[in-house]
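Here chain A shows up in two complexes: once beside chain B, once beside chain C.
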Partner chain A sequence: MNKPGFSEEQRDCLQEIINVAMGLASDKLARFLNTFVHLQVPSIALVGAMHIPEEFENRYQDAEAALVSQGFFGNEGVRGEAIVLYQMENAHKISALLGYEAGDVSEIEMLTDISSILTTTFLNGLASQIENSLSYSAPRILSSRHGNVADVLKNTSFHWEHALKVDISYQLIDHSFNCDMILLIPGEAVSNIKNILDRILEAY
Partner chain B sequence: MALPVLICDDSILARKQVRKSLPESFDAEFQTAGNGLEALAVLRSQEIGLVFLDLTMPELDGIGVLEAIKAEGIDCFVIVISADIQPEMQKRVMELGALAFVQKPVNEDKIIGVLKQYGFV
Partner chain C sequence: MSQAMLSNPVLAALNSGVIVIDDEYNIRYVNAFIERHGNMQLAEVAGKSLFSVFADLPEAWLKRKLMSVLDLNSPAFSSWEQRQYIFKLPHLRPITSSSQYMAQNCTMLPLATEQHEQSLICILIEDATDAFVYQQHLSRTLIELEKANRQDGLTKVQNRRYWEEQLKQEIHRAQRYQHSLSLILFDLDKFKDLNDKYGHLGGDFVLVELASFIGSLLRDSDLLGRYGGEEFGIILPDTGIEGAEEVAERICQAVADYPMLFNQQTIRATLSIGVAEFLPKQHFLHDDLIRCADMALYNAKRSGRNRVCCYQSGETDYHKKAN
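Now for the complex of A and B:
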């Protein structure tokens, strides 16, 4: 059994790969929103999937939140489910930027689009650097109104062993926009990613 | 004579990737910095000919470094190597005096043209 955590070298390597992937995703998002995005270093952490509900409970407790989930499948056991979490307050800022009214039915479609752009561009960028390629299921909204975020996360995460948390914070020119991305992945994907990171580290 | 070169990136992997992308004919003496503040400390105290500069970094980002280089009149060339590929960002670094913008992940093909163009190799 491999230890679930990453070594410091593996973490640095994964962080850089994620930074590059995030750069691609931000560029796509900036083009979609027709604005400039200030990129920040995303913080990453690998945790047991069972801890995910409690980790996010506080941050999303009182607010209306939306969760968009999308499955991904690659080679060598790399597969999982990507969840993008927003506070609706943040989502409304984006919809306003795109000319939607808060509560508009199409606002949900807009959120789904943005999540899918973020998720697929990010994961494609990640996959190309670890010599993998991914396919995706259609994005689905898990919760969009006052609901219990922790319960929704519990129902989703309990199928999975590990979760790679990527804390994304985007600053648009006149707004700040925060969302969280959670990648739920099985144990074999973690071992596989670790092997790939070691291979990359050996090459340098 | 070897060119004093500073590689500034918060990622160890990224700094190694820069080193590995440079051709053997590039005669340089390397120093590294893990963020913008560390880079400025080196640039203010030593003669550096060329800086490979990341943009997205903690403490002080690459834009902050370029602004300080400009404001303080520090004499060095800067090649920006970044994952932030938004056209507006590329334009901004060029306006702040960078020689070139190279998209991460860096490799020899991407960097050799720039080094040749400016006579570093």
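Now for the complex of A and C:
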């Protein structure tokens, strides 16, 4: 395994940035949804992208699951692909919150909308902390329903070297839903991110 | 030329639509692409509501998207695959495309503005008509491919793989709903002699002719497939052994009475036919049912051909193979 070479300090710094980004994202979501959003501290892990499929194989084995991918790219060579994974059950919960009514839009549009909102609010929060700004590709469904999640992940994560795994769990007053977000990052972008982290660490 | 001045001719030449609106949905800017395709001038639409200028917009849906752009300060997307178009604009391939309007990928972006300034949204519209047309071609091709994948190339009846799949499904259905189900297997008598006498083209002609003729004798729900060589099978849903035997006798007789004209020569052919009924307690696999019908078929061969034999419960061994 190609071990992602983050020092402990860099790792702590990244966790802190992600915590804040998550906080910013949930604050925006709360305003948008007009409800209180409680957020758990997201657990993050850096793994070799090749190990991603096995990480998720069990959790998404039986239930209907969906994967939506969205590319992001910013200044200073920050780029990658964000994948949101969730059980369809959870997707239906949040679609109701977002004000979709059955038959209003297609299931695919609903999934891409939710994923795009979760991904871009979170990554915008992340980018603002590192004084960057990101552009996004349109969200694309990798699979939904009966597709095998692990197989799809195998085909996708193959292109990347490192993956930042972020477990996200939002709780709203009447509802709760959780999903996983994976940030797939190519090798050279990891070193770019390391440089940025070092710069932030220096400033403190 | 300054950089700001450069952006104007570039925006004018851009082959994508650009619309800028404020947070009250009033148009602030449209580029030349929108002016041309929408048949409007910036001067006449500036300051007007987006929804009055483009009267056909899905207003509630679009407002929700735009609202999320403003509230979350993050982009929203719409793909032609889910919503073929948002703005009713003509496209540049009116001949080659079956679609009347430009298929679009739309991106709605929050524009950075100074504090206290009104928030702005930039709507980018990309023409995806080509992708839409390719996708339509692809869908049509896939349908044809799927059909080809089910058909026997020569006789155009179901091929063996697909026919066996159908048999498995029909067995499953018969088990679940306790319906009767029968199977006919038939084989052209002395096909080798036909080939020797009329050549392989003659043999092929007989196969094609008989497959189509026998197909015309069946009900819509009966499934005719080519099992291999000169052997065919018919799945008869909701049919018990008596009904199946009746169908088999009718086919046997009709084929014997059916002269076929090939190269000014009349060819006559006969069939040997085996019939078996699906018995849930004995046939655990579709292979078991095929084996029973096959045994009956060889009995028909052995007892003189051009006849129908039904599988007798308890038969276990094949009689000596005959042509």
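Following the convention adopted for this analysis, the second predicted complex is superposed on the first by the 187 of 204 C-alpha atoms of A that agree within 3 Å, B and C clash if a C-alpha of one lies under 4 Å from a C-alpha of the other, contacts with A are read in each partner's own complex, and residues count from 1 in each chain.
Please note the rule applied: a residue touches a chain if its C-beta (ideal position, glycine included) is under 8 Å from a C-beta of that chain, and two chains touch if they have at least 3 such contacts.
All figures in this text were calculated on a predicted structure; none of them were measured in a lab.
Colleague: Report for A:Gln15: first if it touches chain B alone, second if chain C alone, otherwise both or neither.
Modeller: After superposing on A, A:Gln15 lies in contact with chain B but is clear of chain C.
Colleague: In the superposed arrangement, which partner chain does A:Leu201 touch: chain B (first), chain C (second), both, or neither?
Modeller: first
Colleague: Regarding the shared-chain residue A:Gly99, is it in contact with chain B (first), chain C (second), both, or neither?
Modeller: The answer is second: A:Gly99 touches chain C but not chain B.
Colleague: By the touch definition at the top of the document, which applies to A:Ser169: first (chain B), second (chain C), both, or neither?
Modeller: In the superposed model, A:Ser169 contacts neither chain B nor chain C.
Colleague: Looking at the overlay, what does A:Pro139 touch: chain B (first), chain C (second), both, or neither?
Modeller: second
Colleague: By the touch definition at the top of the document, which applies to A:Asn178: first (chain B), second (chain C), both, or neither?
Modeller: After superposing on A, A:Asn178 lies clear of both chain B and chain C.
Colleague: Considering only touches as defined above, state whether A:Val37 meets chain B (first), chain C (second), both or neither.
Modeller: In the superposition, A:Val37 touches chain B alone.
Colleague: With the two structures laid over each other on chain A, which partner does A:Asn124 touch: chain B (first), chain C (second), both, or neither?
Modeller: A:Asn124: touches chain C, not chain B.
Colleague: Using the superposition on A, tell me which residues of chain A are in contact with chain B and, in the other complex, with chain C.
Modeller: In the superposed arrangement, which is not itself an observed complex, chain A uses no residue for both chain B and chain C.
Colleague: Report the residues of chain B in contact with chain A in the complex, numbered from low to high.
Modeller: Contact set of chain B toward chain A: 10-14, 16-17, 20, 55-58, 82-86, 88-89, 104-105.
Colleague: Would you tell me which residues of chain A are touching chain C in their complex?
Modeller: 28-29, 31-32, 99, 104-106, 108-109, 112-113, 116-117, 120-121, 124, 136, 138-139
Colleague: For the complex, which residues does chain A have touching chain B?
Modeller: 9, 12-13, 15-16, 19-24, 26-27, 30, 36-37, 39-41, 129, 200-201, 204
Colleague: In their complex, what parts of chain C are in touch with chain A?
Modeller: Contact set of chain C toward chain A: 61, 64-65, 68, 71-79, 81-83, 105, 107.
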